[in-house]
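Quick heads-up: structures coming right below.
You will see two complexes here that share subunit A, one where it goes with subunit B and one where it goes with subunit C.
And then the complex of A and B:
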C-alpha cells in the first residue's frame, strides 16, 4: 500500500512538474504571475483532443502541435498586450492574466460548449506491473515526457544564446539591457515558452482526465505550489517541487484520508514559505 | 513617496487638516449618495434592491480588503476566508446555540480577527507574491477543514434559520443592514487613512524598512490592519449568510470572490478611500447589466473590461478623475508602462 502510494505520488508529481515548470519560469524571469496558465493548459488539451478526433492516431503525436499552438498564442499575448503594461506593477499584470484566463475559458465555452470530452489512446486501460503494483502506461508516459521536456528546457536555458539572455534578464534586467539584450523580445519569448510548456502539460493530461473548458483552472493552484516549493525560475526546482507535492498529497491522503489532500498540500506550502521563503532549492534564480 | 509619507507620519497632526481641505468635495457627494441610497427601497423594485444589497456588500468587502491591500500593500488573495469563517460561525451560533443575531455576527467577526492575528504573525513576515500565495493556501486549507467538519454540515452546506417576517420586509432589512455596514466601513477606512495608524500603514507600503527604522512598529501595525480587515469581512460574511440563508464551502471560500473584490479595489484605485466604492459599484452594476443581456458572453465581457482597465487606467479610475488626467495623459502614461 505504501509502495503503491509512493509510485502514484511520483507519477502525480511528474504531472505537477509539467504544470509548474512553465509557470515557474515566467514568474522567475519576468516577476509575473501568469494566471492564464490554466487556460493554456486547457487549450493544449483541446488541441490534442480535436487533432486526435479528426486525424485519429496516437494522441502523443500531437504534444508538439499543442505546444506550438499555445507557444504562438502566448507570444502574441505578451508581445502585443502584456508588454504594454509590464511597468505598471506586478499586481496589474496578475490581474491582466486573470482577465485572459476568463476570456479564453469563456471563448472555449462558446466554441466547444461545456461537454465532457475524453480521448481514447491505444494504451488506455493498460499498465505496467511493477512489484505487484500496476502502473498505468498513460501516467507513466506523462511522467517520462515531463522529465524529458524539463531536461530539454534546462539545455535550452544553459546552452543557447537566447537561453543565456533569458537567464541574464532574470538576474538583472538593467544590466542585461546594457549588454545588448532586447528585454521586450526576451519577455515575449519567455512567456511563449511558459505557455508552450503549459500546452505540453495540457496535451499530456488530456489522455488522463476529461477535457472541459475549466480543465486547467484547478492546476493553477498546483502550479503556484510547485513554483514556490522549488524556488522560482529553476527547472530542477520545479521538478523537485512537483515530486514533493505529488508525494505529499498521496502520502497525506494515505495517512489522513483523501478528503484532506488539499489541506495537507497547502499546509506544507505555507510551512515552506515561512521557514524557507526562497524555496527548497534555496537560491535566487540560477 | 516614502520620505513624504514618513514626514507625514512625523507631523501627522498638522497634515490631518491640510490634507482634508483639498478633498472637501467628497463630503457633499457622499451625503447625497447616501440619502439616495436610503430612499431607494421606496421607489425601486425588488430586483434592484437585491442587486444594490449585493453591491453594498461588495463595497464593504472591497473597503476592508483595501486596508490590507491598498494601504499596507500586502496583496491578499485569500481575504474571502474571513467571509466564509464569519458566515459559518454566525450560522453555527444562530442555528445550534440560539445566539441572538447581532451577537452571533459579532462573535463570528471576532473569531475572524483572532484567526487573522494567528495567521498574520507568521505570514505577514512574507513579502510580495509569497504572501499572496500563502493566503491562497490558507483559504484552500480552511475550506477543506470546514468541508470535513461535522458541525458545519460539511460539503452539504448549512441552512440558516428562516425568519418570521415577510420577504419584502426581509429584503428591506438586509438592504439597510448592508448599506449601514458599507457606509460604516467606508467611514472607518476614511478615518484610518487620516490617522497616525494609517500614515504608518502607507509608510510600510512605500518602504517597509525605512518605516521600521523611523520608529513605526511594522509587525504590530500590519497584524492590526489585517485584524481590522478580517473583522469587517467577517461581519459582512455573517450578514451574507443570514441574508442568503444558505452557505456551502465552495460558495463562500471561492477564490473567484476574492479576485472579484480585488479587481474592484484595483479598478477603483487601491489605497484611496472612495476607489473601492467606485470599483465595487462599477463592477456590480456592469456585471448585472451584462449578465442579464448576454448570459453566455458574461464572463468574456467582464474579462475584456478587466483587460482594458489594466492597459488604459492601471492606477484605478479615481486617480484619473481626481487629477483630471485626460486622454493625452493616459497615452503618456501608457508609453511609460511599456517595456
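And then the complex of A and C:
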C-alpha cells in the first residue's frame, strides 16, 4: 500500500512538475504571477482532444501541437496586452491574467459547452507490473514526457544565447538592457514558453482526466505551490517541487484520509515559506 | 563629435535632477565628468545609455545620429557601452557567460572569440576564473568583469560610472592603467568619477557637475589648477 502510494505520488508529481515549470519560469523571470496558466492548460487539453477526435491516432502526437497553440496565444497575450502593464507592478499583471483566465474559460464554455469529454488513451487498462503494483502506462508516459520537457527547457536556458539572455534578464533587468537585450522581447518569449509548457501539461493530462472548460483551474494553485516550493524560476526546483507535492498529497491522503489532500499540500507550502523562503532549489543569486 | 548632449533636462517625477546639460565627447578623447555625491552624474549616464528618458526638448546625438528616442538596447548596437555604477553583473551567471552576454548584440563568432582572448590578456584573472559565478568575485575583480563585459560589445564609446567606488587605491591605479590601454586601442572613454584627481589625470578634457548643473568645463590640466575646484574637490 505504501509502495503503491509512493509510485502514484511520483507519477502525480511528474504531472505537477509539468504544470509548475512554466509558471515558475514566468514568475521568476518577469515577476509576473500568470493566473491565466490554468486557461492555457485547458486550451492544451482541448487542442489535444479535438485533434484526436478528428484525426484519430495516438493523442500524444498532439502534445507538440498543443504546445505551439498555447505558445502562440501566450506570445500575443504578452506582447500586446500584458506588456503594457509590466511597469505597473505585480498586482496589475496578476489581476489582468486572472481576467484573461476567466475570459478564456468562459469562451471555452461558449464554444464547446460544459460537456465532460474524455480521450481514450491507447494504453488504457495496460500497465507495467512493478513488484506487484500496476503502474498504468498512460501515467508513466506522461511522467516520462514531463521529465524530458523539463530537461529540454533546462538545456535551452543554459546552452542557448536566448536562454542565457532570459537568465540574465531575470537577474538584472537594467544590466541586460545595457548589454543590448530588448527586455520586452525577452518577456514575450519567456511568457510564450511558460504558456507553451502549460499547453504541454494540459495535453499530457487530457489523456488521464476528463476535459472541461474549468480543467486547468485546480492546477493554478498547484502551480503556485510547485513554484514556491522549488524556488522561483529554476527548472530543477520546479521538478523537485512537483515531485514533493505529488508525494505529499498521496502519502498525506494515505495517512490522514483523502479529504486532507489539499490541506497537506498547502501546509507544506507554508512550512517551506517559513523555513526556506527561497525554495528547495532556490539560489542565492537568483 | 562622437557624442553630443544638447539642452538635456531630466526629472525624477517632480524633482528636476539635470538642468540644461550641454556636453560633447570627441572621437578618440578621454573625457571626465566629476562631481560630488548626488550631483546627477549617474543620472546623466543613464540618460545617455537610454535607461532613463530625458524631458522634451533634450537631444542626444551619437555619431551624427539623433538617438534621443531610441531604447537602451538600440544604443548598444550603435556603439555605446556603459559600465554602470555598482558593477551590476549578472551575479548568478559565470564570468564567461557575463562576458558573452556583453557580446549579445554581435553575431560575428570569430571576432567575438578574438575579442574574448584580447580581454583575457588584459584581465588574466578573468580567464582563470571564467567558470566561476560572477557574484563570488571580489570588488576589484567584479569591476574588471564589468569593464570587460562593456568592451565585449565592441563599443565606440565606453562610459564608466564610478570606477573607483569601494576599491583600494592600488586597484584603482591598476584599472586606470588598463583604461589607458583600452583608450590607446582606439576606444573613446567617458569617465564619471568622484575621485577628481584620478579622473583629471586620466583625461584630456573635463566637466564639473554640481546639483544638476554643469558649472565648469575645459582642459583637465586647467581644471585641476582652478582655485574653486581645488577648494571644493581636492581639499587643497
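FYI, the second predicted complex is superposed on the first by the 282 of 286 C-alpha atoms of A that agree within 3 Å, B and C clash if a C-alpha of one lies under 4 Å from a C-alpha of the other, contacts with A are read in each partner's own complex, and residues count from 1 in each chain.
One rule holds for everything that comes next: a contact is a pair of C-beta atoms (placed from the backbone, for glycine too) under 8 Å apart; a residue touches a chain by one contact, two chains touch by 3 or more.
Every value quoted in this text rests on a predicted model; they were computed, and no experiment measured them.
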item: Residue contacts with subunit A in the superposition, subunit B compared against subunit C; value: B
item: Which superposed partner A:87 touches (first subunit B, second subunit C, both, neither); value: first
item: Touching partner for A:228 - first (subunit B), second (subunit C), both, neither; value: first
item: Touched partner set for A:181, first subunit B, second subunit C, both or neither; value: second
item: Touching partner for A:164 - first (subunit B), second (subunit C), both, neither; value: second
item: A:172 touches, of subunit B and subunit C: first, second, both or neither?; value: second
item: Partner chain(s) touched by A:109 [first = subunit B, second = subunit C, both, neither]; value: first
item: Interface residues of subunit A shared between complexes with subunit B and subunit C; value: 183
item: In the complex, subunit B residues that touch subunit A; value: 75, 122-123, 125-126, 128-130, 132-134, 136-138, 140-141, 143-145, 147-148, 259, 262-263, 266, 270, 296-300, 302-304, 306-307, 310-311, 314-315, 334, 336-339
item: Complex contact set, residues of subunit A against subunit B; value: 27, 33, 81, 83-93, 95-96, 98-103, 105-107, 109-110, 183-184, 187, 221, 224-225, 228, 259-263, 266-267, 269-270, 273-274, 277
item: Subunit C - residues contacting subunit A, complex; value: 49-51, 71-73, 76-77, 81-82, 84, 88-93, 97, 100-102, 104-105, 133, 135, 149, 152-153
item: Contact footprint of subunit C on subunit A as seen in their complex; value: 161, 164-165, 167-168, 171-172, 174-183, 283-286
